[in-house]
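By letter and in written order, the chains are A, B, C and D; residue numbering begins at 1 in each of them.
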């Protein structure tokens, strides 16, 4: 429910306007020397107010560790942490106390629970993803050698057409939209500014590439590596689709075009499989793509209903993202890191594959 | 690993060429009077040899229940079942004993386990999905009132363009490709025949629609309803992508276009959300779409490697599907039924939503 | 690992001398109006320094809720809480930094993790049980009607011989040893004072009685009600044994003596079964008994080893309980409440048993 | 529910009088060459009819493996197996179709599920434990080096007084009651014969010793090694109590008597801890003891009720054990093996403890 993972497990709590968010990491190996600056760096990549194309809510998103770490190293026991909320403006949400915002979780939470913390969306707020960054930042530090890179691959109908192999991931952080192609990034930023000025929002996609993943991660049948990546990614607020390898394009192809032929060393000439075969990593790059819908809160007047079932007019207030994609990039990486580590810790692959190459 | 579900749980075993497949259903409510003919009907929809566009392996796929049922009713205890394999032609697979078929699980299984049952793909064979049909067919019988309909929505680049609302689901079974539009179905069947004659295979998509789902299914954060549906569907052999509601199209849209405005009764005027908001069902139709890659075994000569890392030539033998999509339709429905029932049994929604409409 | 329960789940963190303990409760039903004073009352029953027969460490053990509660009611989302540590005297533990205390977890933690927070036992400290009290106190409030009463039934070789039916549970809190028979309580208190003066510690037993438990809780085979109660109770620090109903005495009996004959209304004339048959509650009182070993830290000089494997002398410092049993009473109740609620939330019992009485 | 274990998982099904019992083992490592004779040997130790002090039901209890094994070796995929029921005499149970046997699960199953397979106790029958033997026999073969020995330590008030260190475990199988002391064994056998002649049954205890268990197994807090052993053992039919190390005797002791002082090599001079400290194995022998109540089915006339709530007379029929303890011995070992392997597969102990001895 509020837990992700089986071996490396993150359990979380927190509402947008409560006193703090936080979580507990269970199953973290002992003796890991943590780089706390790196953890904060990842939080900063996600935090609100980082640029003029994201929400202007101001939060330092400072994580405070309460247990599981002794003299800078993990002890193998559960790691508790909190991230205080600093800049709640709950009054911004007074206008929705009794109103259900269209395409939000307001209505379904009220129906399911009979009660909801309406302030900032309560538990349904994407503020929760700050917790995931903490879990993912620690996982990244344990997964030495594996490279995890996500980037913005489209905003609206503006697509970064280059394949990931042609990109320089070191440029992802060189612009505020997190697209590693400067020219396309400029266009995307302009697009988001236009949308925001119109009081509107826009969707987009994030692509993620995992390099140097060991062979053998993933479990047959129901815990295939891509199925677990998919579940994790579909849990991100606003995600409407997940594809890996050839994805939806692959559904148009023939077998003779789609098969990845082997080289003598077990690598493959093409990689439409996306680094996973039979649910198990094959050592090639793993890549996948996520669709994000446009943020539901727009600054235009819309009709909606209140708790009496009356049609009322409302207009977004508060501080919202015109496009979630730039801030989603580190979230995707964090989840990918946690899913990978979960499988690495389980790892039941044999040392001896019986292969002579 | 080999278990799906938390409350309604199916655990499975079986290889393509072993003596039998089978499974255990745990958490099935007591006192359900089972319709065994209906269970067999669902198995028949999936079974090989059912038409000339699917594999010609002959299996009756007869399920035998061993426990958990007394005088035709479920007893609340675990339901064990087996499906004997009848038509194994293991010699068909002698040629791959030492060879890794491209884009199959042969290589990854060997690497992970250091051993594999190469006959028919062993555990990685889609024959496993017969087990899922049993679990799903029982789930369907418990989920009275909920309608679950999947259908073939594309084969290669042939798309059924009509939205699901314009379709008559009763026609899905009226043709062998399981597309509810006769005209498009004809074209798809012709396409599959062409592909098969060329010794090739082709991909496609399946769309699934869930009607009359109660409000409140799905758990916030990591067990969102669509995330669990996604994980289940991504576990089907050959699936490369999952999208629900507006899906990847939604990523191109603006918030002002994408928001689903409410009617006074809490239903919505549009349904780009796909019946799920904040991970929780809102009572509208749930719909999603899956991409299937083309089957990897083709009847053309291909180069590949053997266990010594030598390049060798191989050609598909055995009996294989030129397109998995028609037989995938009942599998998608079965998994959807199991996921829904899993949430229904957990259901912690409040009876009193506090709403006055 | 650090989680108890499946439906009502408590995940915890915290070391004896860290900044705070805490936990996350997942699966708590929505709309429960919490009595915060009652929660604090339960914490006070466990807290150190409450009397002169327990450790003199001073902690207010004040719980602070961070999420999952809105306007005094549970919202159905995860409840995060922390309990700050106030009175750490870590210097008290400098003497054991490099020494393994006999019959403590020092040695096994060091061997398992290669690192340990030696201060106050770190994660192995019974201070963790404060977290359980919070989870249990909330569970108790949800389990309306079920009465949960634990009490001290022996200290060393001083036994409360009366059966639980002859006791007045309202007297448990009337003395500091938590034995509902005043006379025996006096003797127990005297015994504990003697032991403490001698720099020694002493074991004891706690008995717990659950009344008005609904029929049908517990799952056949591996999750029998008493097996889950047993696992929970055996997790309490210092517990060496668990028995329910007739327990170890039952092993000496004959079937003709041990069988509980029915009354016409389905109740039983005797209750050696302890309210559970076939792992499922039968509506009679559930009762069980726990053995606690004496606290390992004694104020006498003992020989032990250091991390170099050298024999060294050490003497207990810090503030320790001469007998854990009085403070264990509320802990046992808390765990019992959580286990019961876990089954209540799962509850898949049929409304119609088909019985005509 | 019907699953034990997290990493090495056994899920089971089957009723006493159904067509077959069976199970699925998930998480078994790949490449293990199985000794099938040894598996059958363990089944024979448990099977009915093996001597004149156990039930005379005749079952060969032959296990048939259906998957997960290829050319005699485990493949890492799920192992499915069945054990056909051969000697059901369901008519023996016609007399209890409408009657609830005292101290059985008949009443609670009917109340919980509203339906029950009354034949032979259905799912509540100890026949289920044959499945556990299979899971345990395979686990034993993987746990090379660890010695697991259980034995009958009391029947009624006849106790084997010798400590386990004074026993020769190779003699456990030399007599039908499975007590390694010939003299006491004789007395126990005589006692059981007397009880059976009187149409009665009798309880007893089983002690189990685990030698050469590696240091570091067990997880802090809720999955302590002894807590998981306790849960497993309390799941055995008729078990009423579990104690390890000093157990209930330890509750009478003082800390100065109870502490296990260290030797220079990290072993301890005494072992009242029972090989587990802080929930984690310390390398010393692990030992525990179980209380079994007398079998509820006696061959004397008893009063009970039927489904109309009427008092009726009944007398046990069918073939029942006068004392379950001899047949429980291999069951205890099987469960112990599965629990140990579950932790071994998880094993997250560090290779470097930082200790210099």
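As a convention for this text, contacts are C-beta pairs under 8 Å (C-beta built on N, C-alpha and C of every residue); 3 or more make two chains touch, one makes a residue touch a chain.
Per UniProt, the chains are A, B, C, D = Chorismate synthase.
Everything quoted here is computed from the prediction, not taken from an experiment.
Looking at B-C and A-C, the interface holding more C-beta pairs in contact is that of A-C. Greatest Cα centroid separation from subunit D (Chorismate synthase): this falls to A.
Once the centre of each chain is set as its mean CA position, subunit A (Chorismate synthase) and subunit B (Chorismate synthase) turn out to be 26 Å apart. Put simply, the C-alpha centre of subunit A (Chorismate synthase) and that of subunit D (Chorismate synthase) have 46 angstrom between them. Look at where the CA atoms of subunit B (Chorismate synthase) average out and do the same for subunit C (Chorismate synthase): the two points lie 46 Å apart. Subunit C (Chorismate synthase) has its Cα centroid 39 Å from the Cα centroid of subunit A (Chorismate synthase). Residue positions of subunit D (Chorismate synthase) touching 2 or more other chains: 1-3, 12, 27, 30-31, 76-78, 112-115, 123, 220-221, 348, 350, 352. The part of subunit D (Chorismate synthase) that touches subunit B (Chorismate synthase) in the complex is made up of residues 1-3, 9, 11-15, 18-24, 26-27, 30-31, 64, 66-68, 70, 73, 75-80, 82, 112-117, 122-123.
Against subunit D (Chorismate synthase), in their complex, subunit A (Chorismate synthase) makes its touches with residues 7, 27, 29-31, 76-78, 220-221, 345-346, 348, 350. For subunit A (Chorismate synthase) in complex with subunit B (Chorismate synthase), the touching residues are 1-4, 12, 100, 102-105, 107-115, 123-124, 128, 154, 156-157, 195, 200-205, 215-216, 218-224, 226-228, 230-232, 234-235, 240-248, 250-266, 268, 272-274, 276-282, 291-298, 300, 302-305, 307-311, 348-357.
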